[in-house]
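Both complexes below contain chain A, partnered by chain B and then by chain C.
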Partner chain A sequence: MTTSYRVMPGPEHFLPPSAASMGIRLPDPGQGHIHGSIVSEEEALEEAARQFLSAKVPTIFPGPLVLWAWNDKAAKKAKAIRHLYETIKECVDSSCQHAMLIPMPDYRPKYPKINPEIEINPNHPNLTIWHNKIDACMFVGVHCHQANLSLKIIRGGTNCYTIAMCAQAGHEDAMVSVRDATADKIIKLADWVKKLKGSVAPPAKNSA
Partner chain B sequence: MAAQASFIGQKNKKEQVYTDPWHMMNEAPRTPSFFTGSEVIKEAVRRASCDIMVAYPITPQSEAAALCGELFAEGYIGDYFRGESEFAVMSQCAGAAFGGARVFTTTAGPGTMRAMENFPMWAGARLPIQMIVTCRGINSPLSIQPDTLEISYLMQTGMLVWHAETAQDFYDWILKGYMVSEEPDVHLPLALCCDGFFVTHTKDMVDLTPVDMCLPPYDPYRSPVPCMDMECPPVRMMRDPFVMKSNYISYATHASWQQEVWAAVERSRKHTIRWMDGLIDTENTDADVIVVASGTAVSQSREAIAMLEEEGIHVGLVKVKTLRPWPGEEIREATKHAKHIIVPEFNVIGWLAREVSATISNNERIHAGPHVCGGMTMPPEIIAAEIKTVLGVKAPSLAGRGG
Partner chain C sequence: MSKERIKIAEELFDIMPVEYQDLVKRATYGNGQRGWKDIGNAKELIEEHSLCAGCPESMAFRYILASLPNPEDTVMVGSTGCTSLVFPHVAVHNIHSLFGNQNAIASGLKRALTVRFPDRHKDVVVLAGDGATVDIGLDMTLQAWFRQEKFTTICFDNELYANTGGQESGLMQKGFVAKMAPVGKTFEKVRLPEIARESGCHYVVNCTVSKPNLIEKVIKNAVHVAREIGPTYLQLYTPCILEIGKNSMEGLQEMRDSEKPTERFAYKEYVSEPAKELLAELAAKEKERKAEAKKQLAGQSA
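Right after this comes the complex of A and B.
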């Protein structure tokens, strides 16, 4: 199916469609996607790094699959994510950019509402995005179903640029997605951030 | 996938070798065997590394559930038990799948309808349960003969829905079905349907894969959702309807959740095309008249097409293999030259014709019929007569057949 639909930052709609229903297909192994177009994995990693470097509040949302050391791979990934976060912090302009690391510890709906300063929840991820003025984020270690819920709600109601680092098949509801994520791929993304440091314009200091 | 790959080459307790599924289905030698459709289900399940089968074995429609009980006795299925009703069976299947088991069950007709509440729940909970549906009449007066009306309900549940024509389809698709439905980007239940009685009770030659090969076990760690947790959706949201009703954002989550289920149906397209060699099969699509059919209506249409060919009337055929995902683009392409599209069906409402009608341009080309239902057979002659009528060729009346 050919489609002119592109997965772009919102706010898109009261209830935006799933990208899959609009004809966006997931990448095959070795590939990624940018805005729904299939690209090489390397291109997707580079674009993700560019988005982190050009955002005012680049943020990583680690999920339950990497927040607990339930196996060696999870522990390794968690260290890689911490390394990516530290790298982003080092590489952005601290006078106008503020990197964040906000966990999605579980998927329970929390009423009356979550504390958006310390966590994000898949049932209302927009609250955390709005509260912290996050304009670029990456999901990693979140179960695919919950990640897709979050990505679509974020696209529907915010202007945040979304990146998905997925351990399985990738996420067409994100603007950039890499599949079969490993600790090495997360470190590779950190390497791209370092490599592109200084070559990507930071956001204007007085921009909203 | 890595966890499943690690099993390949090892043996299970029945000395079957966990085999690369692609090799098993496409390259391993096949043995021709003469079986009923019900026996074929048993043989497929024998090779499917099922953890649990839950049965409500209403034998008149299909012996499959009882035959799978024999498999349990022989040690090929991890566990097997009987529910008190079809609703109970499907609820128990959900529990088993929530817990990370590969689950198999069968149903038909009124049983499908009785259990219907469970199917959107399965899909919403992303449970890759496989359910064989040996379709039969659902309305009073009841019939154990084929009638595909129940498929039209299943198509709206968020499940994958495939419609087998022959016992060979059935055998292959049961095994391939697990491969598609357990993909992490799909992870949905599969309703694998056939026209009961015709397929289940008649014997046919079926090429079986080696009995000493079986699928690698299900890997629940590839699931897109965590195992059942009373504090997480969907269970939390089913448990706390009052909270949901008071909170707008829960509605947004619920809506996104439904969209995600249907997105997963769409994602199954890629995997299904790979395993099934396309969502449709086609023959002679350059003909002016094309029959679009699914299930045993395909077999009857083939006979009709052969009869017409002898009279110099060329007719093409589209065999619809999957109903969810719906092969809209494929049907549009296959019928683009057709002046007339005939859609024969074993049900009273013509759900396949409606689906095709919503798919193609110039849908006045569609002739919804012939229809039979309630267990009637569909002689090829009535399909041929429908085609002749459409073409303005005189056809003898079939109303007096047997009289």
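Right after this comes the complex of A and C.
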């Protein structure tokens, strides 16, 4: 099935369609997708790095699968995520860019409210994105169902660029997605950020 | 859950919200002596909840969670009602059942846990309102007791369907007029504690939650008896202050008034013979432990 639909930053509208329903398909092993077009994994990683470097507030949202040390693999991924965050921080222009690492510790609805400065909740992710003016974010270690839910809400109500580093088959609802994520792949993304440092224009200092 | 198995990843510990860090650093998992006195000193296993201000159910929740003898190896089963608004904020594994289905879920769960973990105590505790326990779920409640399923059933008895606006429940007192029951209840409050005793429960208590030390004692007794002998049942009065026309500060007094000797929540306890033996054994062990601790303390200060 071919489709003209492209998964682009929103705000699309209140209830955006799921990208799958619009004909976007998931990448096969070794592939990724950019805006719904299948590309090689390297291309997807490069695009993700570009987005981080050009964003005002590039942010990583680690989920419960990596925040909690369920096993050695999860602990390694947590280490790789910290490395990626430190790399982004190093590579962006601190005068106009502010890298963030904000956890999604679990999926429970939180009452009376969440603190958007310190966490993100999949049931209302836009609160964190709006509050911190996040314009590019990456989901990693979030269970697929919750990631899909959040990615769709974000596309519906914000102009944030979304990247999904998925340990399973990837996410159609993100603008860039890589599948079968491992600690090595996260480190590879950090390497791309390093490699592209200086070659990507940072956001204009006075842009909103 | 095991506190050894589920740890925050070291590399990301610092970014976790403080309530999660506190659960690792200051919660009472694994502490055999945990109890209601930990409230205020240690990290509670209940986070902010969405119950009404002054709701006695929130007090009951705190006392129960502080008193569970083995929270890291306990699964709570809840049902529809005000309690289901609290479970998302509880740091003990929990399952939300279909309305009234809680004792059936708990039966299967307890059996599965016994097969899967033959060498460990895995406690199952049902916590549901009076509608789920006595009206909609009465079949499942009784059948679990008939089958001698080894778990504790706690009923938060507020004597009506509170969060749907005040409909009549089986545990409502005779003659009571509620917002959605304008004619008034025409028959007596169902005597579930007596039914529990006749249905095979080995430890049954009917009381209010006005005294935290009492709640600690009955929770620990109920869980230990359920673990070793058979089903146990606690009926705790947690009045809905909104539905009975009280203010936030009046919940405690309402419970005190209702536990007077002639009132419907006067302390009632039934303990079967095997349960009596078990509790006596546990009390003797506890006494021994305290004497030993006292001796050690005296040795240290000498």
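We take it that the second predicted complex is superposed on the first by the 208 of 208 C-alpha atoms of A that agree within 3 Å, B and C clash if a C-alpha of one lies under 4 Å from a C-alpha of the other, contacts with A are read in each partner's own complex, and residues count from 1 in each chain.
The definition used in the following text is that a contact is a pair of C-beta atoms (placed from the backbone, for glycine too) under 8 Å apart; a residue touches a chain by one contact, two chains touch by 3 or more.
A quick note: this is a predicted structure, and the numbers were derived from the prediction, not measured.
Engineer: Just chain B (first), just chain C (second), both, or neither: which does A:145 touch?
Structural biologist: First partner only.
Engineer: Which of the two partners, first being chain B and second being chain C, lies in contact with A:188: first, second, both, or neither?
Structural biologist: After superposing on A, A:188 lies clear of both chain B and chain C.
Engineer: With both complexes superposed on chain A, which partner does A:67 reach: first (chain B), second (chain C), both or neither?
Structural biologist: A:67: touches chain C, not chain B.
Engineer: After superposition on the shared chain, which partner residues are touched by A:26: those of chain B (first), chain C (second), both, or neither?
Structural biologist: The answer is first: A:26 touches chain B but not chain C.
Engineer: So in the superposed three-chain picture, is A:79 touching just chain B, just chain C, both, or none of them (first/second/both/neither)?
Structural biologist: Second partner only.
Engineer: Touching A:153, do we find chain B (first), chain C (second), both, or neither?
Structural biologist: Touch partner of A:153: chain B, not chain C.
Engineer: Is A:122 contacted by the first partner chain B, the second partner chain C, both or neither?
Structural biologist: first
Engineer: Have a look at where A:168 lands relative to chain B and chain C in the superposition and call it first, second, both or neither.
Structural biologist: The answer is first: A:168 touches chain B but not chain C.
Engineer: According to the stated criteria, A:17 is in contact with first (chain B), second (chain C), both, or neither; which is it?
Structural biologist: The answer is first: A:17 touches chain B but not chain C.
Engineer: On chain A, which partner touches more residues: chain B or chain C?
Structural biologist: The partner that reaches more residues of chain A in the superposed model: B.
Engineer: Give me the intersection of chain A's contacts with chain B and its contacts with chain C, in residue numbers.
Structural biologist: Touching chain B and chain C on chain A: residues 108-109, 111-112.
Engineer: Mind pulling up the chain A residues that touch chain C in the complex?
Structural biologist: Chain A reaches chain C through residues 62, 66-70, 74-75, 78-79, 81-82, 101-103, 105, 108-112, 115, 118-119.
Engineer: Can you tell me which positions in chain C touch chain A when the two form their complex?
Structural biologist: That would be residues 5-12, 15-17, 20, 48-50, 85, 88-89 of chain C.
Engineer: Could you list, by residue number, the parts of chain B that touch chain A in their complex?
Structural biologist: Those residues of chain B that touch chain A are 126, 183-185, 187, 222-226, 231-233, 236-237, 240, 243, 247, 249-250, 252-253, 255-257, 259-260, 262-264, 266-267, 270, 329.
Engineer: For the complex, which residues does chain A have touching chain B?
Structural biologist: 1, 15, 17-21, 25-26, 64, 106-109, 111-112, 122-124, 143-146, 148-149, 152-153, 156, 168-170, 172-173
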